[in-house]
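Labels run A, B, C and D following the written order; every chain starts at residue 1.
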């Protein structure tokens, strides 16, 4: 790790969980169709410029804000903290880091009160808040739920060039690493970090950044994810499916990656495991293990490694993207130079899609 | 269609359903591990040369015979007929066609009585029988069933160069076409034909043949198929997974394709639809429709189109393979010359794996 | 069996399957809410007097007709036959039996052509037809399907006093018995009979009759049935649930029994087994086996045994109900005189609901 | 609430989660068959006197200890705390309460280090520990998992006469109430309290106590729970099923209640919701709401209300059971005096099992 981010003397805010993402979309009607009509997220509130969406088990105002704008990007990765005092703590913390911060008592978006937004040391727009309008938790509203009902916001995933540097920063902020991908040279390709008792609230994926890799929603069961694929097929919109469905090695969750009309990546996710103990064992995966990203050894589409969304600074301008210096996971594992395995030191059946890439 | 197969004057036998496949495997222990330890098929009987396996809802002696031999191949596609008289009828039928036939009152394999084997006009070793030892139907034996329990033999799939010629032949034999893939030039790439009330008992897939494309077993639900993938991952044998899991366009079933230790392809399949009415609507798919083979538009691995198992003649020698003259589905839909679509006359999101092939 | 029904010399019609039921409902709007808004059946056509509904995988005009009328009852149990010639055959068959018949070339309901309705020897209004309007098979219409999507009409269930007499009659008509419940005295309490390759197209349940016990629709998976229960809960209509969900012993299917606004019983059903071979083994259950009706030994609510819908004659008047003379299954298995078992000659854990009845 | 338990001045220990239960069983072999052969819990270690079992996603030594003894009872409700310092804190906390405590640096059972056991003010044997042997987390071991795989210990449930008194005590200990059942007179019938981010780590159920109502394990999906029922049926042990499967109103989880060979109640549970925010909305249910205990309005078997396991003091003697003075939920909702509803002020369909009780 080069250029480490200093650990502030100010205490870190007590972060509860990833709470919502604000994304800028270029065609609000197209995005509404995708997130509401197809994915079935619940509209808490909407106007001509923004739509506030939540999952079925949520009681805070929203888990996703779609805001109309000229450039598809992410305006905020928003975390809920334990109290307003933790918003104050976050402010002191980031001020000590010399970051640009903005505090708004009335919040940056509807339904959220006193909030702090920062341009963090990695270039991401992080938000911290406690105050929110409570809305109806629709967990029992089975009359409203579709076959692919999204029940929780599960996590964010961020692309950043230097994963160890990013991990050290979020560890200072109180996150715990649960899993990672690395190689025998000590290169870290990705790491998963959590506050709530799941595998992650966010992940740091090595690549050109700062960019947003994906935002993930949970379903109850695997068939709910399959139902989303089936519905996309029925609507002749299966080209929204980028990767999956499949079983992750990392996290052990069943997954699907979609791309929204602007190309923002959305994961649908279910069934990871409890991680809430302080000595929760960290799971490390070898970058050459074919089952790390897909437990069934199915190939990862190159776009999944290379494409991601821009993120905005506090003025709403896209952050410049810095190239990753470390080796890329794509180059390490696919193509002429790749040397991945299912069983170490054993040969592969050679017919998998991806062997042709 | 060139060189049509004449329609015999003798009546066709009354075929009930595809009943079992006899395959030759080169390493019986390796095959036993795959079919019994991993897939959980039930061993009805076994000796040093052969293993007789059945699915959990079966009451006839077996649905699959693994026979040890020097060359991996298929020895028989076996259909159950309504009565012994239908075995007689089959004999007359194929004798009129001038096919080589062999009748054995004691059967060719354990558990099966009076049987006819033929080298059919397409070069496939078909068998017809009614007599069989009844064994316990283990439908209720939930104590024995694994998470990926296989409950029925569903269908065979055969590779043959001239699909319309093959279809005309099996229609004479009493099969009904339920679905097909063709193009606007009238080229037929594949057709599905049935006797029982499902989408198929066998299918004719265009390609160099005669070869066996796959044998398919059913599970009750989709999660059972996912469980098979998960187990293969846990055993570090995920390279047995060739394609899927996914949702078929054709048949509407949820599917997975595996390759056994000899490369024989096995499909795991669930949830097609009732087809038993004489006016059951035939579903025709355009070869350029990206959702025909996978409803989610996920790419088909090239090996799935090109690789298949040899079939044996009645002396146990592999049948020579004749090249397909018509265009290949692979060439039509993948790569430089492919021009497939999700929505006709609309552009694709370009990130799908397979676009790189 | 007393008073056996003679076997006609005329050949029986070739019945394909149970095809639709016509029921009379007293409040069409209430029934529409139940069958369309809650259960999600597809409306093929409707007017102020009738609603024509089908399941998602159906291509004939309908599987259920709701007709407005003064008395809740069943107007027709309708079977599809192979051809119009089979409608003729049915007419001759029932005329020979001396039954009242009515033939209408234009059909009795919309979407169905040349049909025969009869008052059969057991007092049931049976219909036979081949001609029907083809409608879109919505198997692939995942955008329209709810979490509890009903995909097929599976079977009827009829209440009749003398089960062996009824079975002999339907066997003459070409049905095959797949399972039954009886006792060591030779009393038969119920029998399941099939034409298509499933456990049944109809069943004969011993009781005061002729009455209609239930009509059953299939889902793909068990979670679809649970979703129906969850939705009824969300709508505060859980009192439509009469029994289940549970696993049947008989048929091995997962089941749920609902009561519609008029009290007509509807079963939701999934995952029985293939029965299409002529030597399909018959499964006989002891009436005292606690797991015969519910594989988990959960109690059967008394109303399930005693309540059923009236059936109409060809003039639309309710058929008189004749009392069962044989012992009732309810009396045999529940209450002071019941002596059921989970393990023969072993004692029960005594805490099950139903032990208190 | 009478006789409130004083709030200690000593700080409460930081409890992570319910971690394991130690139960005394009278026939170790019979219990092993139930928990290992049938339910598929993983044996971490065993000897002639005790078996240590864990769920598939666990990394601490065990979630359940079966110890052979003369009287079926519960020896410990064990909670994991954040550190050894929290074991010290627990000791001071309970000493200030005047409770009998016992500290063992080497632990009370295998695999657990420095521990405190107490006879708490309600009479329950609570344990607190941090140190434990890490064992392999078998989350990815799909080759070992059965169709009904238990993946986590979810919660305990305790029977105690005075629910508000018990709740005040555990709130002092740091638990948060998530849901409750009460009536318009202010009687509280049950309350659910949590430390980890789920609906509960334990619950207080009103009744004669102290007794143990149940211990609950989680599965991933609903079909896993159904598979347990199906397996019990296949083994002719369905009389282990006491109640369910069903959907809870409280917690929204899908459930099943079993009774082990000694009558200890085990719940199998899946899919409640995230509760980790400090302002997580509390859900209160009316005791007369038919859907509170079962969302489908299915009746609760009386034994479920009245039967529970004895708990032991630190000498291993059963604690005396004190009668509940407040009204019982059973009396309020079932039978002659019951007046429950599905829709307030509306009549019920009267056919549900339970209406006959």
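Things to note:
The rule is simple: contacts are C-beta pairs under 8 Å (C-beta built on N, C-alpha and C of every residue); 3 or more make two chains touch, one makes a residue touch a chain.
Keep in mind it's a predicted model, so treat the numbers as computed, not measured.
Of all chains, the one whose mean C-alpha position sits at the greatest distance from that of subunit C is A. For the pairs A-C and A-D, the count of C-beta pairs in contact is higher at A-D. Inter-chain spacing, taken between the CA centroids of subunit A and subunit C, is 50 Å.
Distance between chain centres (mean CA atoms), subunit C to subunit D: 42 Å. One simple way to say how far apart two chains are is to compare their mean CA positions; for subunit A and subunit D this gives 34 Å.
Residue positions of subunit D touching 2 or more other chains, listed in rising order: 140, 221-223, 230, 233, 249, 295.
If the chains shown are joined wherever they touch, the resulting network links each chain directly to all the rest. On the subunit C side of its complex with subunit D, the touching residues are 221-223, 226, 229-230, 232-233, 236-243, 245, 247, 249, 254, 259, 290-291, 295-304, 307, 342-343, 348-349, 351-354, 356-357. Within the complex formed with subunit C, the subunit A residues making contact are 140-147, 149, 221, 223, 227, 230-231, 233-235. Contacts from subunit D toward subunit A in the complex involve residues 16-17, 57, 59-60, 80, 82-83, 134, 137, 139-140, 151-152, 196-197, 220-222, 249, 252, 271, 273-274, 276-281, 295.
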